[in-house]
Amino acid sequence: MEVGIIGATGYSGLELIRLLKNHPQVTNIMLYSSSQSGETINRLYPHLQNEQWKPLKEIDLNKISAEIDVMFLATPPGVSAEWSGPLLEAGLSVIDLSGDLRLTDRGVYEKWYKRPSAKEGLIEQAIYGLSEWNKSTIKTAKLIANPGCFPTAALLALIPLIQAGAIERDSIVIDAKSGTSGAGKSPTSMTHFSETNENFKIYQVASHKHTPEIEQQLAKWGAQPPLSFQPHLVPMVRGIMATIYAKAAKPLSNEWLTDCYNSAYENAPFVRIKENGTFPATKHVFGSNYCDIGFCYDERTGRVIVASVIDNLMKGAAGQAVQNFNLMHGFDETAGLEAVPMYP
Amino acid sequence: MEVGIIGATGYSGLELIRLLKNHPQVTNIMLYSSSQSGETINRLYPHLQNEQWKPLKEIDLNKISAEIDVMFLATPPGVSAEWSGPLLEAGLSVIDLSGDLRLTDRGVYEKWYKRPSAKEGLIEQAIYGLSEWNKSTIKTAKLIANPGCFPTAALLALIPLIQAGAIERDSIVIDAKSGTSGAGKSPTSMTHFSETNENFKIYQVASHKHTPEIEQQLAKWGAQPPLSFQPHLVPMVRGIMATIYAKAAKPLSNEWLTDCYNSAYENAPFVRIKENGTFPATKHVFGSNYCDIGFCYDERTGRVIVASVIDNLMKGAAGQAVQNFNLMHGFDETAGLEAVPMYP
Amino acid sequence: MEVGIIGATGYSGLELIRLLKNHPQVTNIMLYSSSQSGETINRLYPHLQNEQWKPLKEIDLNKISAEIDVMFLATPPGVSAEWSGPLLEAGLSVIDLSGDLRLTDRGVYEKWYKRPSAKEGLIEQAIYGLSEWNKSTIKTAKLIANPGCFPTAALLALIPLIQAGAIERDSIVIDAKSGTSGAGKSPTSMTHFSETNENFKIYQVASHKHTPEIEQQLAKWGAQPPLSFQPHLVPMVRGIMATIYAKAAKPLSNEWLTDCYNSAYENAPFVRIKENGTFPATKHVFGSNYCDIGFCYDERTGRVIVASVIDNLMKGAAGQAVQNFNLMHGFDETAGLEAVPMYP
Amino acid sequence: MEVGIIGATGYSGLELIRLLKNHPQVTNIMLYSSSQSGETINRLYPHLQNEQWKPLKEIDLNKISAEIDVMFLATPPGVSAEWSGPLLEAGLSVIDLSGDLRLTDRGVYEKWYKRPSAKEGLIEQAIYGLSEWNKSTIKTAKLIANPGCFPTAALLALIPLIQAGAIERDSIVIDAKSGTSGAGKSPTSMTHFSETNENFKIYQVASHKHTPEIEQQLAKWGAQPPLSFQPHLVPMVRGIMATIYAKAAKPLSNEWLTDCYNSAYENAPFVRIKENGTFPATKHVFGSNYCDIGFCYDERTGRVIVASVIDNLMKGAAGQAVQNFNLMHGFDETAGLEAVPMYP
C-alpha cells in the first residue's frame, strides 16, 4: 500500500515516517508540501540521514490517486478543512491528525479554535478515530478524525466508568501533564530550553481546545458536560499523564474497578490495565502505542482517582493514526506498532 | 544570634546553611550530628568548599545552651519527637522542619506516618509555622512545627477561599507536582536519573501523609475534611505547583478572587498574587521564599482553579523556617531571605 | 533461533529484550538469573507489562543446549569470566557485553579493572566484536567480546585516520560525554536525579578502564599508545559523544577527510558520515544502532577534530551485540535493528 | 552608588538585576532601552513581580550623568561599540559584558565576529576584566571589557600553568561544555526544548569567536597561539566546564600542580582549588561567582588535565562584572557576591 503525508516536517509527521518506514504493508511513502516542495526530509532532519527520500512535492489532485492510496494529514488548523474534501473526491482515504474535523458542532469549534470551521458536509463524514471504542465504524471509514493527545488519554480512562454509571457526571476533574513535543517544532519562549528546564508550568487555564472534544465524546456515553480539563507543561519531551478525579456514584472498590477496566479492554492490544496498587509512569509507554491505566477508589473521599499515560506522539497522534490505518484496511491492528517501549 | 542545625547534611539542612550563612542576625552556625560527628560539611558537599566550618559534633545537652540560642531540626521522622523536648528544657528555641509535631491528633499521625507519635505534651506546645496565618502565635513561640512543602503551597492558596466561604468544602481536589529534591538525598530507584528524567510519575495515591496536615489546618478555617490530595514527581529538582479545583459556593468572578487574595496577603512580603489572566510557573520562585498564586473562576464548570507555586526547599522548608526564626526573634520578616529568584 | 540472556534486569539486558523481541530470526528468549530466579521481568519492569514472559530461571548446564543456541551476557565484571567457558563447552555461542574478555593482556586487565582477569585460554578465543572492522572473524566466531560503549564511538572515528596514517599517533585526545544509562540501574549519589540534573561532571580522570581497550585496538592499526581518554557525565539518559583531537601528520583537507571516511564505511549500514560542515548530535541516533561521524580539519591548529555519536545502549552495547549475532549466523546485518531513530 | 543597565531584558542583564538589587553599595538601578522603553521589567519577567521598578527608558546623554555613576552594558554585538564612547564622555564608568572591546586587534575581531569592529581609540581604553589577573589596572579603569564566559573558565585554569612554563604551548586543547543560557533568551531550533533535552551537541566547530580572546590573553603570559577551543551544548541551563589537555613541558606531579594553583589563587576569594584527586562539577558553583579548578598530571601520557567550572551567567558574565565594579570603586571584592552556591 502506498501512503502520503502532508506535514511530514512537524513532529507528528516525523513520527508517522518513523512508523510507516517499517510498516509491513507500506511499500512507498510520499511526502507532500506546498511551502517546502523540493526540499528533502533528511536534509532538514539529520536523524533520517541515510534513508532514501524523494524530495517533498506539491500535491497535484489530478495525479494523486495514481501515487498513493491513503493520505495522512499532520497539519496545523485549517489545512485539513481545505484538503480533506478534494483528497476524498480524488479517491483517497484520509486520516487527519489535526483538530479540524473532530468537533461535530461547528459553533463549538469556532468558539474554542477561534477560526472558521470546516464546511458542514465534511465534518459529518469524519469518523472519530478513538480506535478502541469506534472500531466498527473505523473499519469502513474513508475519513478519520484522529483524536487529540489529551482526549485520548482522558477518554480511554473515563469511558469505562461513564459507561458503567460509576461516577457522578458533574464531578469530573482532569488534571493533565504533557511533555513539550505536543507544542510542536516552532521555537517559542514557552518551549525555550532555558525557560522550560527545571520549570513546571500551567497553561491555557480553563480554555484548552481539547476540552470540548473530551466533553463531546463523553456525552455519547452518557456524561453531561461540562467538566474541568486543565493541561500543564512538564520539562520532558514525550509523554502525557492525565490524572482524573471523580466522585463515585455509589460505593465502589478497587476490585470492581479492576473488573470494569479489564473487561472494557480485554481485546485491546494497546491498553494495559495496571494491577491494583500499582500506577503508571509516562516512561513505561515511551516510544510505544500503549496507554497504561492505573486507578484507586479512595474510601475517605468517595472519589475514584485514575492515572492514564500515553506517548503523546504515538497513541496521542501518529501511533493511533497507524492503528486506525490498520483497522481501515484489515491489517493486523498492531502492524508497524509492535515496538517495545524504550526504557530507560 | 547563634544557631544550630541537626540534619545539616540533608537537603533542607543544606538550604538552612545557605540562608543562615548570610543572615544579618546570625553570628555563628553550629552543625550537630550523632552519626557523622567529626566529619566536616565541606568535605561532604564540595559546593561549600571554601567556607570555614567546624566539624559536625554530637549534642551535649549540658553545654548546648552555652553554644546556641536556637536549634533547627531538619531531620527524618522520629528525631524531633525525641530531641525537641530536651532542647526546650535546655532553654533553646526549636524550629522543627520534620512532620513529627504538625498533627495534633496523635492517632491521625500514627495512621498516616505508620510510626509512634511524639508524646502528648510536646505536640501541644508546638505552633504550626505557616508564617502568614499564624504570625501572632509564632512571635511568642518557643517550638515551631514548620509546615510541610505541599501543605504550604496548598494552604496559602486555599485559606483565603475557605475563610470567605467561597467554595464548597467537600469539592476540593489538590493535584500537586514536585521536583525530586523533596525526596531527599538518599539514592533510590524512584529518583535514579535514568528512570526519572523524561518521566512523569504519580506516587502515594490517596495516601500521602501531607493529606491530614492540610485537612487539619483547613478545618481550623471552617472546611470539613476530607479532601483529595495527590502528589506527582516532575523531572526537575526544585519546585512545587499545587493545582487546586473546587466548586464555587456561589457565583464568583475573577475580580472577586483578585480582591479576596490581595486583601488576604496585602501585608505578606512573600506571597505574590498574579494579575488576572496570568499564572505562575515554578521557576518564577526558584531559589526564593516566594509563593506565587494565580487563579481563575471558570463559569462553564462553576469551579475555581488555583495554581500555587513555591520552591519546596525554601518556602516549603528552610526558607519558611528562617521566616519563622525572624518572626520569633523580632527581626525583619525578610531578613536573610531577600534573594531575587534565580531566572533562568 | 532460540536465545538466552543473563543479566536481563540491567539496562543492556533490557535493551537486548527490546531488540530480540521483534527480531525476525528469534523464536524464543529465555532469561537466566541465579539471584532473581523465579521473578518475572514484567513485574520488575512495568514497561514490559503485557509481554508474556516465563520466570527468570537458573542456568542448568546440562540442559542449556536443549533450551537455547546463543547466550548473551549482559553482566557485571567477573560473571563472563566464570560462565563463558562452560557455556561454550555446552555447545552454545556466547556474546559477552561485559569487559571481561576484551583485553588480551591479562596484566593490563588486572591493573585497570582491579580484579583477577579471566583465565588465559578463554581470552584468546574471544573475538573483539567491533562489527565494522572485524566482520570476517566475527562471522565464524563462537565467542564475542562485545566492545565497550566509549571504545565503539572512539574507534569508529579513529581507525580510518590511523589506517591512513593521517594523524600523529601521540597527539590523540578523546574527550567523551555520556548519558547516565551507561552507569547502570543501581541508584548512587553520582546518578541521583537531584545531584545529576542541571549538572555536568567529569569522572575517573585519566583512569577509565575503557582507555586500554581503545589503545589495544588502535595498536592493531598502527597507533602507539598511550592516548588521553576522558569521560564526562551529561544530564541525559542515552547517548555518547566522543570529541577527538589529533594533530595531522601532514596537511589535510575536509575533502580528503570526507573521502577517507566515506570509503572506510561505504558498506557499513550503521555508520553515517556527515556532510562537510555538518556535525552530529546524540539525539540523531537515539534508540538506533547508528554511529554518526562528523569532522573538520582546522588549518589554524593543524588538528583534525572528529565528533562521533552513538546511543550507548544500542551501538554501544545491545545493538552492536545483535549486529554481531546477525553476522555470526548469516542473517541480514540489519535484522532487528531497522528502527528509525526516535526524534524528538 | 547609582547604576544603570542597558540590555536588562537579556539573561546577563537579568542576572545583573538579581545581583545589584541586593548589593550593599547600590542605591538605585536604572534600566535603559531604546526598543522597549516604557515597558516594565516585572511585566516581562514575572519572577521580578513584586519588586518596584521604574519603566525602561531611553538614554538621554545630556541627563545620564545626573542619573547614574556606572553603566553596565549587557548587549548584543555592536551596541557597546556605539555607546561606550559617548557614555565615557558623559562622565560615566562603563562595564561592557559584550565582546565588542575585548580583542585588541581589530582585524581579528572582524574576522571572527564578521562585523565591523569598534573604533580604534575606544578599544585601547578598555581594560580586560579578568578580575584575578588584571586587578591593579581594573582598580583605576573607567572602561571594562568584561571577559567572555568560556575565556573566563579557560584562562583561570591555564594562566598559572603558562606563567610557570609548565606546558607545551602548542599542545593546548580546550574542550568546553556549556548550558543553554549562554545562547541567550531568543528561541531558536538550537535551544528548543524538544530538540535540546536528551541531546548533546557540538557547535561552531573550530570557529567559535571566544577562540581569539583566549589566545590573545594567553599570549600576554607567553603562550603562542593557536590552540584548539571547542564548545558543546549540554542539556542544562547554567554552567560551563572547560576540560583542558596540554603536554607537560617537563615531568610534573600532582603536588607541584597543587602548589602552582594554590599560590596563584591564594588571595582570590572566588577561585577554589580542588584537593588532589577530587574534581569539580558545574553544580558546585551554581548561582555563585566561584570558579572551581581540579587537575591531574597523567604520567602515562605526559599530559596535564584540568577541569574548570563556572556559572556562565555569574563568573562568566554578570558576577564577574559586579566583581570588577567592586574593584573599580574600592568596595569589598565580594560585595553583593556572597551567595552560597545553590545545591541541589
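The letters A, B, C and D name the chains in turn, as written, and every chain counts its residues from 1.
Convention: a residue touches a chain if its C-beta (ideal position, glycine included) is under 8 Å from a C-beta of that chain, and two chains touch if they have at least 3 such contacts.
What you see is a predicted model, and the numbers here were worked out from it, not measured in a lab.
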item	value
Relative to chain C, chain with the most remote C-alpha centre	B
Centre distance in Å when chain B and chain D are each reduced to the mean of their C-alpha atoms	36
Interchain centroid distance [CA atoms averaged], chain B/chain C, Å	46
Junction residues of chain D - those touching two or more other chains	11, 179, 181, 185, 194-195, 197-198, 235-238, 280-281, 283, 286, 344
Category of the chain touch graph - line, ring, star, complete, other	complete
Partner chain B, residues of chain A touching it in the complex	171, 173, 175, 177, 179, 194-195, 197-203, 205-206, 226-228, 230, 232, 234-239, 241, 243, 245, 279-283, 286, 294, 296, 298, 300-301, 303, 305, 307, 309, 344
Chain B-facing residues of chain D, complex	11, 14, 17-18, 21-22, 45-51, 181, 185, 197-198, 237-238, 269, 272, 274, 278, 280-281, 283-288, 290, 292, 338-344
Complex interface listing, chain B residues touching chain C	11, 179-181, 183, 185, 187-189, 191-198, 235-237
